[in-house]
Amino acid sequence: MGLKGGLGARELGGLEHNYLLAPGHTACAGCPMPVIIRHVLDVLGKDTIVVNATSCSEIISSQYPRSAFKTPYIHSLFENTPAVATGVVRALRAMGNDHTQVVIIAGDGATYDIGFGAMSGAMERNEDIIYICYDNEAYMNTGVQRSSATPPLAKTTTSPVGSKIHGKVMPKKPIVEICAAHGIPYSASASIAYLPDFKAKLEKAKAMKGFRFIDVISPCVPGWGYDPAISIELSRLAVETGMWELFEIENGKRKDTFKPGQLKPVGLYLKPQKRFKHLSDAEIAGIQKGILERTKIPLLKS
Amino acid sequence: MKKTLEGSIAVAEAIKNCEPDVAACYPITPSTHIGEHLSEFFANGELKSYVNTEAEISSIAALIGASAAGGRAISVTSSQGLAYMHESLFCAAGMRLPMLIVVGNRSLSAPLSIWNDWQDSIAERDSGCMQFYAENNQEAVDLAIQAFKISEAVNLPAILGMDGFYLTHSVEPLDIPEITEVQKFLPKRVSAVKLDTKNPLTMGAYAFPQYYQGFRQDLHKDLLSAKTTIKNVHNEFAKQFGRKYGNGLIEEYNTKDAEYILISMGSAAGNAKDAADELRTAGEKVGVLRIRCYRPFPSEDIAKALDGKKGVGVFEKAYSMGAVPPVYADVSEAITNCKSRPQLSSFVGGLGGKDVTVDSLKILFGKLKKGVCKEWV
Amino acid sequence: MNPPNAKPGTSVENKTGSWRTYRPTVDFKKCTKCGICASFCPEGCINIDPKTGAIIDYNYCKGCGICAKECPSKAITMSLEVKK
Amino acid sequence: MIYEVRFHGRGGQGAVTAANLLAVAAGHEGKYSRAFPFFGVERRGAPVQAFCRISDKPFRSYQNVYTPNTVVVLDSTLIKDVDVLSGLEKGGHVVVNCHTCPDLKSASVHYVDATKSALKHLKKPIVNTAMLGAFAKVTDIVKLESLKQVVKDNFGESNVKALEECYAEVKQ
Amino acid sequence: MKKTLEGSIAVAEAIKNCEPDVAACYPITPSTHIGEHLSEFFANGELKSYVNTEAEISSIAALIGASAAGGRAISVTSSQGLAYMHESLFCAAGMRLPMLIVVGNRSLSAPLSIWNDWQDSIAERDSGCMQFYAENNQEAVDLAIQAFKISEAVNLPAILGMDGFYLTHSVEPLDIPEITEVQKFLPKRVSAVKLDTKNPLTMGAYAFPQYYQGFRQDLHKDLLSAKTTIKNVHNEFAKQFGRKYGNGLIEEYNTKDAEYILISMGSAAGNAKDAADELRTAGEKVGVLRIRCYRPFPSEDIAKALDGKKGVGVFEKAYSMGAVPPVYADVSEAITNCKSRPQLSSFVGGLGGKDVTVDSLKILFGKLKKGVCKEWV
Amino acid sequence: MGLKGGLGARELGGLEHNYLLAPGHTACAGCPMPVIIRHVLDVLGKDTIVVNATSCSEIISSQYPRSAFKTPYIHSLFENTPAVATGVVRALRAMGNDHTQVVIIAGDGATYDIGFGAMSGAMERNEDIIYICYDNEAYMNTGVQRSSATPPLAKTTTSPVGSKIHGKVMPKKPIVEICAAHGIPYSASASIAYLPDFKAKLEKAKAMKGFRFIDVISPCVPGWGYDPAISIELSRLAVETGMWELFEIENGKRKDTFKPGQLKPVGLYLKPQKRFKHLSDAEIAGIQKGILERTKIPLLKS
Amino acid sequence: MNPPNAKPGTSVENKTGSWRTYRPTVDFKKCTKCGICASFCPEGCINIDPKTGAIIDYNYCKGCGICAKECPSKAITMSLEVKK
Amino acid sequence: MIYEVRFHGRGGQGAVTAANLLAVAAGHEGKYSRAFPFFGVERRGAPVQAFCRISDKPFRSYQNVYTPNTVVVLDSTLIKDVDVLSGLEKGGHVVVNCHTCPDLKSASVHYVDATKSALKHLKKPIVNTAMLGAFAKVTDIVKLESLKQVVKDNFGESNVKALEECYAEVKQ
């Protein structure tokens, strides 16, 4: 099989040149977030304005006087991107431009937490915006603190492993479902390891109007604590183990865009990551049980 | 032609005639009526875009986005709403984005009060936004039009302060410049520095220590030189529309031969003029200096106007808790280099809607004669 | 006016190749030119030469090893960078 | 001289609108005018004040009205809670919505049953336009015609009827 | 016993030893480490409650709630995070709620910068919150403990400023008072005015114009009289723990016989002392006045210390854009009544992490000799 | 039938004395919001602390130096109640009090819009709070501006009826569903006209821990423009016409707690209200159609 | 210290009865003492006297008419308040 | 006298930690010390600086180190991008992680292949503890034992081995 995670050679043609995100950005070696951004811009094309929240993606791309973005780009604050994008798109339309796409690129902290009020407002108004959350499941830019996207039991600097508490207590906030509950036209999850699936979602979103949301898993080398070479592999394992489901919600209807026939044991995903190093076998078994109940997919027989 | 209408409606009409691309507002007393009327213009196709935001922090964010995209952008707020924009005001100014924020000035909580004072906008004096305070509704109308022009000329946000209720809710005959006249005075905004897919640009980059201070220093310099722009735009406006307000930065009222001067802003300055008039009739050499533009602070004009005076008092509706009142502090510093520094008094009053009467202001002139005085009135 | 704006794409002046600890090397004999490495390289610094195969721009390659890991043909190997 | 009027009413009765209409009517006559409210908690039934100044010459003042030439009381029950006569100029007029003469120690008390007129013509107890009729009769600061015009423009004919009725019926 | 550890960790340990009921934090560089360590204490059962809020505006809201419920409450933030609390700071102070907010001082966006200056907390100087600035990490540790006590004595929030990175990230030997000692100094908070179902009370009522100004005036008065409390608590601390910092409000360093004095705050004041030492060795009569408590502003102490000096300069890491620097403006006003008013210069620098070196400060002393000077350095 | 809207005399016993909300509050004559608050406090009892958002409910109850609340009460800002309540309950628990209920009372503006970010955060942390939104479908305290709770086509001062736009454009934000999507233990809607249902929900919520949300319809006399006598009647008609559904969501499962057998024509609800006066017959028919599709309940045969 | 706090329940000092335009009157002959009026009165100013029936505290009654509208026995009528 | 050290490294190599460990070791010896970083964008691979001051007497300064007595370079590739020798005192030491002598015009250049030691003992290229060994050999500002103790307390035995190896192998 020439495919890994459903990725075929054919789909990659023509990507190699003129990326709209230039090299020389300062992401950690192995960070998959620039890959995500590159593919987003590749699908959306040059007629796109990027609105970015304070985050790793901002810090690694726009240090004065240099920038990695080749499309127009604006960063102002951490919590306000949905409203900034609202202003951009409203002004464009008011001035007669009815074609330019406005895309938000924001981390999970901006999306799930501090910016969620503004996001909820923009969703309620159904602003004509594409919102991409690269979800590295913590505040990475400030050194790996818990966000609402952090999976349960994961260790971060503010969900530490102590004598009373063993990593993050709360479940991961179901952001795709919450956004869908707002009645927006499109809400989806994605993984960069499933590139054709991701791109299909981007194309679909691109063809629509209104508020469109995609949450993309984005492993973080120091934040999750793993060998940089396996960033894509982890994005794949997350799906193969059922930790990360690939689906989209339109008109309140959920559709799984890819569903593994059998799940790989979740340990394969957890074990390479330092943030899960403290987990006991019982805890891992608990996670495994939760996945099986939630996904209703059988575990791979080994 | 004059129409008798509410200050808020008049300002909304003036804004409409400035043809903004995006208005983004969130209701808050006493400035709500302005936004309501803008939304009505929108519903009637007379305004290009109106965003009902879910909070003020998003109103200003929408202005940041709209202005960055090259549009003319306006919001309206008061008090808690302006306070909720605090972080964004520094950001908008630092990003050099023109926009207008009309503030129906109101006190800050706690305790909550919907009534007028200036603490809301005064507390934003460090932000890099320009601050104007209208004495009356005619000036508010005229300032709205001037403020867009100034803001877009110097690439900095402008705050236009209207005393809450006193101005926002007063119904009076007002002259609202026709749209055709406004178009002559204020052409469509043209900005080379904007989000444009034909000519991409990265806005809002961050700055290492070797760059940051330079940006702040430039911002400060540009604010200082905005004083000239403000005067010029004010003169242009006067030429075209026949209405003048001092020199655009300050207004001197019977100060030339005055021995005692009361400084104030907004509608309180109008009341102070009435008080001065009454005292003049009684033979007292008193005058009023009105600060129309509080940021940038017109220290040179003020120092010049006050040099050699016997006594000067600053009456203001704000405080820097645990220290001294802000306008007074600014004036105090401004007159350090007067050849003959007048005795400077400080009066704080009118907080949370405490009515500032002409009579109470007359008393202040009396106090000035007795020497330096620092009082809550 | 001096806004804190930056020119698009100027990050190319940051030669992040110096960050590298490990160096990827492509074995053109094994390379099928499938483009997977290019697609996943975080630096976007791999080009697929239709004749030879994957060409890495070492000016930017940070040596993460993703290309080697993802290459279905195992055409890329990582070795310790020789630092001068 | 600046003519000063103070309106006392309750939320929902339209005191603020009354002051505004008066200012507009004065404006129509080419006068300088200014009306503005003192809002408390703006709830139906809660006491409200509104002010109006009218003058032939421009004036500045935005302060509250403390020494009115005329006071208009839209709800007579306010009299026991609020000092409606506060600062009224000597011999100044008080115009009260009341079906019997209110108990007020003032030289020039006028009263009219504006609630009756409002209920009759508008089917609801919003008495502001009716009271403007009484005001017009008692004072001559603005013309009846100006007021009628402004009321008509803003609220239509039935309000004008209430106004006219109270103009006719006000007693002193 | 001294431990060598990071300033942030040291302060976190000091806070832990103060046994707060609720800590509510949101990460932001450079103050994040403090919150991280508090959350670790919580995970180990050494802290009663730690709230991972979703934004700073909720951190301070949680403090408002916790303090109103009678608890001891603490948050940690910087820059944008403090700015996001702006509205709430006025509210917390106006509601008279004690709490501690440790601020790792950092510049405000735009442009974004994670590095040190004081604009974030300086911009909150009107709010009614007390403001302390630590010169070094030992003082930060000691101030954290004192600040709780002061705050709970005067029923007002306290902001404790630590220079971002310089203090927050420095690793050095520090003395952290033992919990038993802290308990003696800082007993459990007892508040009669709190949310208590046994003794109900309505907190946060709103105020009509006849009441509002009175509340503000009281707040100001209480802030002024907090100066005595601050001095007393500082003395008590000195007695128990053997460490003293000037008189609690300001610290005079070789000022008695000095002709030229540089005023500053935070770690810059330490560097200024080094500069002064070097110049003293060269025979120059120079000294340093450090403002430890910026709100309430110790104007009397400052005026007394400066009276009769030849030249005084204020070095600060903040600006009021379009006007003059804030600390300078405050000092300028404070010395108006000096019998012999020194010549006052203003220096602004260190913005956005521009390193403030001893050498650069030495140059400033040189400038003072040449007369009044207003410069960005 | 002695019942109107399912309300029986029996259920009302013991309510008459010692209300925890005192008279003398300054709500408009006929405002049902104080009724809602009274019944909330009646169920929760004296061992309750109220956290109130800036709104009509605050302005009418706590004008210095007087207060209508007899329980401990705190108001600070408009947008922060969920976080203030977080602080209150955390401090109580830290100080050893494990019994006092902390209840938020907030309008729809605070809930659906400006305070939703903080609310989402508190829901994510599953704070031990009961949240009551009295939903008058607009910002009433500031004079009837549109909120996300305003129903489509309704006229407010910021969703005016103009030549291009005919009242509110967007649908009502589905707040109960959005909250439920957060995974909180209890999310429900209620109407004061169905008092036993409302009280049962309050009792249920009271018996639980964690974040509990109830959205209660609360007609507004000047804001909706109707005769004050029909406040309760409108609360009833809203349910009877299917404009307001009575349901609760637990563990992601929705249960209708009351469902009319047949729906009254929606005109009965719309016609008495000025905010709907501008609606054309076609628009009313459209609303009717929407209700029938959504509820799948037949229209009452007349 | 002077915090803007208020005493619980002190709103009873606001005699909102003066707001009334219409006055509810209970017909004790019709009143079944069901308590519905009391339950829905926004002012909470109706008490059910077990002997006589619904008693309205006119100090607070704002005259909204809800009690009359909701009374299943039509025991309450609204009439224009006679103002003095 | 205050002894000043400047560390140059890349994110992930542990330069900041090295400075901190040095300060802690000095603290253990009863000295006054202070370490602090200059953070840029703190990303794996990006250049980082960290400073450490050590003295027998208390000192105040929180300013960056401009005139180091010793410079420690954790990654030799930095030499071409960064002026690592900037301000180094005359005859001051430079300790570089390099397997051949680096091209530096300085009186006292020392080098050691810390990456090799790190990979050998820690299985990853985190060279900070290893470089502290070389630093200890080249300078005598803190005792080898103190450093070993601190490294052991914080990172365990294998790091101590790397440290010892570089202590032994550093060349000049």
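In this document, chain identifiers A, B, C, D, E, F, G and H correspond to the written order of the chains, with residue numbering beginning at 1 in each.
As a convention for this text, a contact is a pair of C-beta atoms (placed from the backbone, for glycine too) under 8 Å apart; a residue touches a chain by one contact, two chains touch by 3 or more.
On a predicted model such as this, the values are computed, not experimentally measured, just so you know.
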Those chains which touch chain D and also touch chain C: B
Identity of the chain that, by mean CA position, is farthest from chain H: D
Euclidean distance of C-alpha centroids - chain D vs chain H, Å: 84
Chain centre separation (chain A, chain B; CA means) in Å: 43
For chain E paired with chain H, centre-to-centre distance based on mean C-alpha positions, whole Å: 34
Distance between the centres, which are taken as Cα means, of chain D and chain A, whole angstrom: 63
Numbers and ranges of chain E residues touching at least 2 other chains: 29, 52, 54-55, 80, 84, 87, 91-92, 94-95, 109-112, 114, 200-208, 211, 215, 219, 355
Chain F: positions in contact with at least two other chains: 26-30, 58-59, 62-67, 69-73, 75-77, 79, 112-114, 116-118, 120-121, 124-125, 143, 148, 221, 228
Chain C: positions in contact with at least two other chains: 4-8, 16, 19-20, 62
Interface residues, chain F side, partner chain B - complex: 54, 58, 64, 75-79, 112-114, 116, 139, 142-143, 145-146, 148, 157-165
Residues of chain G that touch chain D when the two form their complex: 16, 18-21, 62, 80, 83-84
Contacting residues of chain E [partner chain A, same complex]: 25-29, 32, 35-36, 39-40, 42-45, 52, 54-55, 80, 84, 109-112
Residues on chain C engaged by chain B in the complex (per definition of touch): 1-8
Residue ranges of chain E in contact with chain B within the complex: 80, 83-84, 86-87, 90-95, 107-115, 119, 122-123, 125-128, 130, 204-213, 215-217, 219-220, 223-224, 226, 295-297, 299, 318-324, 326, 328-330, 332-333, 336, 344, 349-355, 376
